[in-house]
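There are structures below to look over.
Paired with subunit B in one complex and with subunit C in the other, subunit A is shared by the two complexes that follow.
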Partner chain A sequence: MSSRTAKFIAKRLALGLLTLFLVSVVVFFATQALPANAAQAILGKTATPAALKALSAKLHLDESVFSQYWHWLTGIFHGSLGTSAATQQAVTHVLGSRLLNSAFLVLISAVIAIPLSIGLGVLMAMKRDKTADHTLSTSTLLVASLPEFVIAIALVLILSTSVFHVFPAVSLLGPGQHAWNKPSIVVLPALTLILAVTPYISRIMRGSMIEVLESDYVTMARLKGLSERAVIWRHAVPNAIVPAIQVSALQLAWMAGGVIVVEFVFDYPGTGTLLINSVTERDVPVVQAIALIIAAVYVVVNLLADLSTIMLTPRLRTAAR
Partner chain B sequence: MTDPSHEEGITRRQALRGAAAGGALLVGGGVLSACGVNPSVIAQSSPEPKGPIKPGGSLTVGSTGGGAQDSIDAHFATSDPDISRLNQLYEPLAVRDPDFNLQMLLAESMTPEGKKPDVWIVRLRPGVTFHNGKPVTADDVIFSLNRIINPKNPGTGAASIGYIDLKHTKKLDPRTVKVVLQYPNVGFPDDVGQYFNGIVPVGYDPKNPVGTGPFKYQSFAPGQQSVFVRNAEYWNGPSHVDQVTIIDFVDDTAKVNALLSGQVHAITNLPAAQLAQVKGLPSLRALISKGGAWLPFTMRVDQAPFNDVRVRQAFRLIVNRQQMIDQVLLGQGRVANDLYAPLDPAYNAALPQRLHDLEQAKFLLKQAGHSGLTVKLVTAPISEGIVEAAQVFASQAAGAGVTVNLDKTDTTTFFGPNYLKWTFAQDFWFTRNYIPQVEQGSLPNSPFNETHWADPTFEKLIRQAQGELDASKRTELLHAAQAIEYERGGYIVWAFSNQLDAYSSQVTGFRPARSGLPLTNYGFGRAGFVV
Partner chain C sequence: MTTEAIPLETAVEPLAPPSLRQRQWIQVLRVASRLTRTRIGLAIVTLMVLIAIFGPVVAPHSPTEFVALPNTGPSGHALFGADYIGRDIFSRFLYGGRTVIGLAVLTTALGVSLGVLVGLTAAYSSGIVDEVLMRICDVFLAFPQILFALLLVAALGPKLWLLVLAIAITHAPRVARVMRGAALQVVERDFVKAAEAVGEKRRRIVLGELLPNVTSPLLVEIGLRLTYSIGLVAALSFLGFGIQPPNADWGLMIFENRLSITVQPWGVLLPVLAIGVLTIGTNLVTDGIARAAIGLDRGSES
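The block that comes next holds the complex of A and B.
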């Protein structure tokens, strides 16, 4: 790795940390602006003044906003994400298995969706303006225009409750279990995410592939008598893939947040449902932690995408020399 | 409607059985005469379910409303899953059974000591043990009462039994407690007989949740699920099933989907909109319970414009009750008359039904100088149908020239810093008798006096009634009190809504409960799988 690339990474990481800090400030004060606190959320209808006072003291909600934020920030530097207001357990403990479940869902979806959509894009480009291309283009456009919760509900109706009874409608897990212990519960949420991201990546791949296939060097390669397989996979795809990688990264980052809606529909035990509950419960430390994790995913994924773009683009790769 | 067997209604046999077991128990004069009843007869009064039940099996029940703050503590319950758990693990001294009769549980009897109901002798049922094998004694009762009322960490029940004078309450012998009250109250057995007032052993720690209920604790993951196993030593007849799992759902759609796809056997609180779908499926059963739950609008009687009684009366006339039931509850409710506690024998049914009358409403508003009034109604999805009721009210009010601006908040904000202070808002209440409900919400010192109702004549009548042991004299006092609330109170009680639940046809043992708690008072101990 050249020193210029190293410098680039260092600069991007520093900017990423600054982004995360700003996100933490915004999220913290935004949650403070919500009326009611965790004690009121927990007690609900039974919130008599006596009960409220006792619980607020127990949950340390009587401290000032700034001292709460300061405690949280200093905690970060000691490796602690704080204590959940609703459960009085460490945030890391509350997040633990749910983070793994969400990561599993996102990764499974990405591992299937990215190669699938790149393949689809190549196929569409090769069959340009033929029936296969028209069918795929129209159907991907149709799916892309549907919000992911509509896709999720349709999948539940078709595959779970009304037409077929193949997969569970709700992703139930026992305590101590993880999503990979019960793969059947991951199918519908993962399918939803795959359907949500595939159209974007495949359509970009189709566009850039068509552009590459029309370029001179592909014609040259064909004239040289190379096999069509070699032309496509060795010469065309590596050059067409850069925009698709950028879009895949955007989609991956989107999934880290978009998974919230999908998890909610399936009651999937991940960070998305936890975030929704934590907002309702005014559990600020947990909201804070999840928001930061999602922001961090954005920063890291975008950095990785830029790095792979550099690696895949000879002009950029060799610029430092 | 479902098949008649699922409709509410006490069969003749149940009614007779109820009478034998202490039908006179209804808070009327009954509390007292009930106390002499042979406990074994009472114990049998829980009706056996219809049809043969296969012993064993694992029952899975879905519920919404919980989250990371879920509790398994005997004395703290706010959400539906919390209440479901409490009903499996713990038992109070008495309980309102599905027929709304006060049934003695861990107490064998509760009797006022003298001529005034300010000192009560609680005699415990013999031979009952906690899940850890320890017998239930007077010390456990005193420990539990202290733990509930503890001012440093008041339990859910502190709001209803805080009037117990703990200093003078004492053990008479291992099976007898003398409970002293700060003032006479015939409603004491009802107040103490609530699911959140369970009796726990001395030194109880919620980390080791030990009670006397039909199921023992096995595991608990807040916001996810809790598992309970059969208590083979249960004094009131062990359960049919070996295990019960209560699962938390984030929303109603996921819960109904889980029932439809066979992932759970039963769910509490079926949304009315899904009732038709459930009824149409042979694999599912709907359970419709006609209790006394109500979803009032709350008008603060001490704030403009509602400090003028004519405005309150006008608002009560604006409501088209039947239309609201049809649109909001999809027909699942009965018209109410701005009064609560319809199952109380002292309910004042003689007061004429208040009708939809826009002309009279306009006239009253004009008299009060409030023609063309604009008000803000604070609403939140705190219970099913609440926000819809607010929307229907706003459109009905337009007919009387009143503009209702809806301020829709989320549930947490609704119960936030302005809770019990909103000028015009809404609430939901479960089935209670009149005196216990008044103690909750209609006395100046009530913990949930959301209408800020403080009527001296009313209060005097209630205090007299609380000390009156003669049922007919007490009914007279309560009728007078209800007439006052009917005339000038701050609630608009438009309906008593039905409790809707659903379960798989593989399961039996549930029946409609007038007490209004879901799934026959969370009666998983009486349910089982069909042969």
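The block that comes next holds the complex of A and C.
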């Protein structure tokens, strides 16, 4: 690795940290500094002035917003995300297993969707302008248009109500149960996410693969008499895959937000459902914590995507500023 | 049928800004309108917009009137049956498009305008202004759009203006990035330098010289943001934070009827179909425009 690359990576990391810090500022000030009385929201309209005052003091509401922010930020570094206004439990406790359930959902969807899309992209490129390519190109374009909750509800309508009764439409998990103990509840939410990201990745892979298949070295490999399989998988795919990996990373980052609505549709016991319920209850500390986590995942995944792109592309490795 | 048109159109006055500036977006739209996908998309969008506009005129019932027992199936009186509290599903469907389409257009207009302003200013200013604007964009890009809207709703409650603001603000950095990229290639061109030399004001250069030369990526952005806006507006109502009862709105209809989906699927099916078909329509048009823009680009290079 050249010192220029190292410098670029260091700069990119520093920018990532700065972004994370500013994200925390936005999360906090968007919720806390707005003219809404958190104590009133928690205790309701019937609260006595004494109770309001006591809670305000407990939440540091009587201090300036900047010192409130400082309390919140230092709390995070000590592993505390505050206290849920609705349940009076520690936010970390409320989040615990739900975070794992969401991570499980996103990871299993990604593990299926990424190889599937790359395969589809290669298939479309090899069958370029034939029926298979046209059908797949058109259907991926159509599915890519649909908002994720439309895909989710369509799956519910098709697979668990009117047509077939294959999968449960809503997830019923007892407290403390994890999603992987009951795989049937993961199927539909995961299928939704897979359908939502596959069109983007496979279309990019198709384009990049077509470009590579037209290149000189693929013609060379064919002229050398290599088998078509070796030409495709050993020579073409490794060269066409970088853009697909980039888009995959972007889609992974997108899924961090996409799960919110998808989980709600299936009542999946993850952070997304918790977020919606907390917004309904105006449970600001929980909302702040989840927003911060999702945004942080987004920033980190994007950072990793950028860095892996530099590593995978020799040209960029030297040209990087 | 489109291939012959591309080089012909772009062969005209490649470096004459005054005529080019009126031409770029017209050219793109003209080429796009010859593609089958654009035409299908346009037909779909037109149909849905007509339903949204004239639906309330032809609706058999008022959207809030009780016409049958809750969750009754289709009958001559109520074409698609009654919803979870006994209102006519078909009438509520006919009334429910205005808010979705209206809010989507509004958020797109606000978000794209803000994004264009930020993107072009960044490209033209360069240096520290550019750096600061883009870093601010990075921060807002870290928030999935729905998350940012939910964050504001958690603080202030479900208010319509708040959602419009949230969606517009989160559109802006996404648009700004694209517009900045496109404008960077124009900033160095001769006619911009000429405008600077004769002492044109910054605002005039940004809006009068840069903007007219980045209209094809702008058209694509408008289409994309409109498609996403429809999804976001509908999703927020579906989550219960958008249009509030007893109003008729496609997103809200799904929210209200989703628990009775097994007994009366039409209450969910109709609005879901409407939203899905509408986004497919806008995305087909967008894809057509994007193809036309790329085609024109290639044509002018060769």
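Convention: the second predicted complex is superposed on the first by the 268 of 321 C-alpha atoms of A that agree within 3 Å, B and C clash if a C-alpha of one lies under 4 Å from a C-alpha of the other, contacts with A are read in each partner's own complex, and residues count from 1 in each chain.
In this text, a residue touches a chain if its C-beta (ideal position, glycine included) is under 8 Å from a C-beta of that chain, and two chains touch if they have at least 3 such contacts.
The structure presented is a predicted model; accordingly, all values stated were derived computationally and were not measured.
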Contacts of A:Gly257 with subunit B and subunit C, given as first, second, both or neither: second
Which of subunit B and subunit C A:Leu304 touches, first, second, both or neither: neither
Partner chain(s) touched by A:Ser84 [first = subunit B, second = subunit C, both, neither]: first
Subunit B versus subunit C as contact partner of A:Leu22, first or second or both or neither: second
First, second, both or neither for A:Leu13, with subunit B first and subunit C second: neither
Which of subunit B and subunit C A:Leu107 touches, first, second, both or neither: neither
Contacts of A:Leu275 with subunit B and subunit C, given as first, second, both or neither: second
Which superposed partner A:Met220 touches (first subunit B, second subunit C, both, neither): neither
Subunit B versus subunit C as contact partner of A:Leu141, first or second or both or neither: second
On subunit A, positions contacted by subunit B and by subunit C: 34, 36, 156, 161-162, 169, 264-265, 276, 278, 280, 282-283
Residue numbers on subunit A that touch subunit B, as the complex places them: 34-38, 40-48, 50-51, 54, 58, 84, 86-87, 94, 156, 160-162, 165, 168-170, 172-175, 264-267, 269, 273-274, 276-278, 280-283, 286
In the complex with subunit A, residue positions of subunit C that touch it: 37, 135, 138-148, 150-157, 227, 230-232, 234-235, 238-241, 254, 258, 261-262, 265, 268-269, 272, 275-276, 279-280, 282-284, 287
Of all residues in subunit B, those that touch subunit A in their complex: 67-69, 78-79, 151-154, 156, 158-159, 219, 221-225, 247, 249-251, 253-255, 257-258, 260-263, 382, 409-413, 415-419, 427-428, 447-448
List of subunit A residues in touch with subunit C within their complex: 15, 18-19, 22-23, 26-27, 30-32, 34, 36, 141-142, 144-150, 153-154, 156-157, 161-162, 169, 254, 256-258, 260-261, 264-265, 275-276, 278-280, 282-284, 287-288, 291, 294-296, 298-299, 302
